[in-house]
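Two complexes follow with subunit A in common, the first pairing it with subunit B and the second with subunit C.
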Partner chain A sequence: MQVYKAFFKVIQKNRGQILIYLVVFMVLALLLSSTYNPPQDTDFTKVKVNIAFINNDGDSQLVDGLKIYLGENANLVDVPDDTQKLQDALFFRQVEYILRVPAGFTEAMLSGQDVQLEKTTVPDSTSNIYMDLLINKYLNTVKTYTTYLPGLNQTDLNQYLKTDLAKQSEVTMISNGTHSAYAEKSGYYFNFLSYSTFAILILGVCSVMLVFNDTDLKRRNLCSPIRSTNMNFQMILGNVSFAVLTWLVLISASFVMYGSFMFTATGLLLLLNSFVFTLAALSISYLIGNLVKSRGAMSAVANVFALGTSFISGVFVPQALLGANVLTIASFTPTYWYVKANNEITAAVNFNADNLQSIFTSMILVLAFGVAVLGVTLVLIKQRRVEA
Partner chain B sequence: MVINVKNLVKRYGDLIALDHFNLEVQEGEILGLLGPNGSGKTTAINCILSLLKYDKGTIEIYDQPMSPDAYDIKRNIGVVMQNVAVFNELTVYENIDYFCGLYVSDKQTRKKLVAEAIDFVGLNDFKKFYPKKLSGGLLRRLNIACGIAHRPKLIILDEPTVAVDPQSRNNILEGILELNRQGATIIYTSHYMEEVEQICSRIAIMDKGKIIAMGTNEDLKKMIKSGEHISLELLNPENLDLTEIQALSHIISAELTDHQLVVKSSRGKNNLIAILDHLKDQNIAIGKIYSEPPTLNDVFLEITGKELRD
Partner chain C sequence: MFLFNYRYRLKCIFKDKQLMFWTFLFPILLATLFNLAFSNLSSADNFLKVNVAVVQNQELDQNPSFIQAIDGADDLFIVKYTTQADADALLKDNQIDGYIVFDSDLNLVVNQSGLNQTIIREFLDDFVQSSATIVTVISQNPAALNNGMLTGISSRTEYLTAVSASHSNPDPIVNYFYALIAMTCLYGGFLGVKEVVAIQADLSAVGARINLAPTNKLTVFISSMLAATTIQLLELLILLTFLTGVLGISFGDQLGYIALTCMVGSLTGVTFGACLGSIIKKGEGLKIGILIGSTMTMSFLAGMMSADMKYIVMTKAPILGYLNPANLITDSFYALYYYNTHTQFFTDILLLCGFIIAFSSITYFVLRRQKYASL
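On to the complex of A and B.
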């Protein structure tokens, strides 16, 4: 096993660069995972929007009803009906929404005509959508009554509106399981692990391949009585051992941080996914190792490839925030499918045939990447041997 | 017979690197392959080692056809490449152990062989050094140790002394002679004729992919007309008539540069005395006199019409 031993001696000699990536990963993963707080949708509190209500229609029960209804769901702020003052109020965010009821509103509504209310809002304000919904709801309810109960007086109409709009639906959250607080944190950790795995494997494998592919050493080895199958076996064994060792070191911190969670279905699936990804990353590293010709190129490729695929595949920025075109390009890298599987694993509160099928499909795709790239590498090696 | 190469032809496109190359190497000899750069020495060695495919011919080593899969033959061969082929990431000891381990699997035997190889090349004080910390000479010694640690019966050394200082070169040459004394058959390629003359029992001179002359040092020199080179420092050369010197018997050529007269003579007795007598008759005083036997360069020059180190 001379070649196998030499493989690790070369790795050991290049350990400095590899350790930098390892330490940076450990520190960043620990920091990011401990400071990362996933959004909590159970902590919703109702916020009332400040609005100004300008009535040009005169006193009517319908307008009063609208004002009371909006007052229950927003803060009515008194602003004089002066263009300059209204603009200032919007600019200084005293109000975010100004509603103006035009003259003839009540009459038009009761006669079933289409009426438009005037609104002025702060640009790009999300709260105006909420106000639109409330106003539309009120007006549509009025329209329903005036259409189907023509001749209804304002007092009765107001009473019906009050009763109808006061009704609220009760929402009950039904869950089939409990979602561990560690799930999302560990997902973040395992997503980030792909970057370090790629960088470390490219550096490690390339540094060895550069040595063994050196023309003089290669010729010297060819003079020896060691069979090429034996030599290749030892090289592959060395590469796989290095990859497994790297994986073990990288996942070790997850056991420290998340403890018994790593033995749950979610934790074990994350581990399996990361192992599958490690094999694919090894295969790609092996191809790169057979292509690069210098140490400078090796470092450049390790950085560009590991960082590049991580950026476009959702390691640093969630996939949900990336553009469709970016994700389409990313889908040609195993990192994308690895991150996708991680996201699905951590998002699931329980596992069933549907979500497991999607998760395992992603894993199979990652594995397929690895097999395909390995095939290309072996063809390349054979081609070079024939040309030599 | 250790090596038997017949009609070997190797082409690189239109260039013929080996042109019906024939070579026989007998057990226990040191065969020198001498030739200028590009004469085909390394190509021949690479073909013999099955590192290069060839177009035509046969190669047998220990009466077995040589091929990339001839592992039993390779087990008996030690190779020292022209370029130093060692791992920069391994120490001197680890490098020798690695290459020895490709031939010898038993750990205890290997330990003994590696220790002997280190001792042989005199790298005991540098066992834990990495190659990058070694001087050129020490690096060459490491290269040799890696090639001979497994005690091969046949050792092929391809220009092992390139870019080596004179002291290290002498150490290397002494080492090669010692390996031969211990029973190894050696093929030694070089373009340094002095080295080949010093250690080789038989010499093959190559040019343009062919062996143009072969034999012992003495045999080769007998093949040519040149007998000796005589250099004389003349104190009053103005009295000299060069044509009279050239007319003397056995004289091939005579040239006068400043006070230096250089005469090339063919094989014959009393050439120097005849010249001295003639100069005395002409009242030409002599300062210093040198007489040198012909070199392999003269052999090469006479056969090919060009210098060995062109």
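On to the complex of A and C.
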């Protein structure tokens, strides 16, 4: 098993670069697990928009009432009243709506004069529409009271507003069954795994191939007293064991973070899917390994390939948010089908013939990619040998 | 000597394929990927009319005011009138965000809690609450009914005037591209490292030869650094043209200031690399490793991987932002794009100039008057 041993010696020598990708993956996996996911409610909960409330008017019960009402229906975020700070908060979506109550608002409102509040929003956004609805409703109700019950004092007005606006319509939530809180998180984890798998396998396999494909070394190996079948077998074994080892290391953290969830149908399907993907990635890495000529090119290709496929296939940005054109291009990479299968696995509440068929079709496509690329590589190697 | 060395350093850098890939092609590639992945991200917030079904039954027919209200809200909803079974099927297929059933009370049926569902809910609540208001008013002042109260309540007053935050759209996506430019600037450090290696007698054979030449080392070094900066600036301008011309990323329209930022950013990157190259005495691998590691960390803090990161640093640890050249470059572009004043922009540029001076002086003091007992 000299060839097999030599394979791992080369990997050992190149562990630095590989470890970087492993560490990055583990750090991100940890970050993922620490992000808080609210438990999925079976009851309807209102979505609360983050808003900033700035009062340039004096303190009055009317303004207080409005602020309390908005506090119940939106998240009031404390942002200092400074142009740049407000601009920053809006730009980075810390708040999506800034409401400014102008000076003299209470007096104008109570005396029935026309008054305008200033809003600063993300233009055309849904949150903008929603907050407009809420605020206009509140102020129109105030107007109704001040118009038709003149002389109403602010305390009574607030009381009336409070009682009226506490009335609610009924909401029934049809739930599609409960979902494990881990399903979504593990989906991110396994999607991200494709990036690391690709990068690590390309770097590992390429570094070995660069050594073995060196012309002088290759000639020396060909005249060694080991049959080429035996040598090829050891090489294949080396590649496969490296891939399986990488897969085992990368999935190990999922058992730590999600525990017994990994042994449910969802978890097992995710594992199977990632294993199938690892095989396809190995096959592609093998092709790249046979094409790349220098170590510099190796890290360039590894980066471009791993980053490129991940970006367009929905590893970093969900597939739902990618454009149709991008997804069409992405469907020519195995990563796209791998991520698609992951998304379907984690979205499914229970597995039936329909969704299982779709999931397995994706997996078979990933496998087909692997087989096709392997075929190309073998032809390439055969041709090269004739040339040499 | 100055021009001679300048010309040959230009050639050396241009012919270094690996260097050209990382400092030039890689940022362009990354920008393309960013654009492919993020192009739909900002429009995801955009309001699309909410699809809602109303179940037709007797109760509904007895409440024409409700039909009138929901038909009047055609800027919010796309309403379908269906049977209960159809509404269920539509909801299951996610064709609608929810459906409304009128059985003695208003009832909303949804399958998830989202902003669209909240809007339907708010509309229904509004209807219920207005009715309550009418009842309260009439019980206090029955005469109101005759004073046109019902028409008054249905004609709503608009109380909100939009004031835009800035002359530019608050689009967090652009920050990713600004941070990417910052990364490209600092990747100019590769060029700086290369120049230092090429002039130090203990790091390269070329360096040893140059040190033997009867010419001022500072002159040679300055011309080398200028060559590196020239190429870095050129790469940056091509990237910028690509971003604005091909990808359509907005940088605002203050071209002069943008050019200034590019100039200062390039110098920061190249001197940063030279400084790293001269302080770290070990092999070139370590220099490059530290350069990539620090550049990535700084770009991360400037918001290249997640725009929120920049905001967190801005509000929680502003000092960290001012000590991070990548953030200063990103922030210069951000300030030009978004702020109405130039105070922040000039603060950033001045701090960057400070960094350039610091990096250059460190490099100068490390490189000068070195003598070698043996090489």
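Note that in this section the second predicted complex is superposed on the first by the 246 of 388 C-alpha atoms of A that agree within 3 Å, B and C clash if a C-alpha of one lies under 4 Å from a C-alpha of the other, contacts with A are read in each partner's own complex, and residues count from 1 in each chain.
We adopt the following convention: contacts are C-beta pairs under 8 Å (C-beta built on N, C-alpha and C of every residue); 3 or more make two chains touch, one makes a residue touch a chain.
Please read these numbers as outputs of a predicted model, since none were measured by experiment.
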item	value
First (subunit B), second (subunit C), both or neither touched by A:307	second
Which of subunit B and subunit C A:155 touches, first, second, both or neither	neither
Touching partner for A:352 - first (subunit B), second (subunit C), both, neither	neither
Touching partner for A:117 - first (subunit B), second (subunit C), both, neither	second
Contacts of A:229 with subunit B and subunit C, given as first, second, both or neither	neither
Residue contacts with subunit A in the superposition, subunit B compared against subunit C	C
Subunit B versus subunit C as contact partner of A:216, first or second or both or neither	first
Partner chain in contact with A:13 - subunit B first, subunit C second, else both or neither	first
Set of subunit A residues, in rising order, touched by both subunit B and subunit C	none
List of subunit A residues in touch with subunit B within their complex	2, 5-6, 9-10, 12-14, 211, 214, 216-217, 219-227
Residues on subunit A engaged by subunit C in the complex (per definition of touch)	41, 44-47, 49, 83-84, 86-94, 98, 100, 114-130, 132-137, 139-141, 143-145, 147-149, 160, 163-165, 167-176, 296-297, 300, 303-304, 307-308, 311-312, 316-317, 321-323, 326
Contact set on subunit B toward subunit A in their complex	46, 49-51, 68-69, 71-72, 74-75, 77, 79, 81, 83-90, 94, 98-99, 101-103, 146
Partner subunit A, residues of subunit C touching it in the complex	17-18, 21-22, 26, 29-30, 33-34, 36-41, 44-48, 76, 88, 91, 105-119, 121-130, 132-133, 136-137, 140-141, 144, 147, 149, 152-153, 156-166, 169-172, 175, 307-308, 310-311, 314-315, 334, 338-340, 344
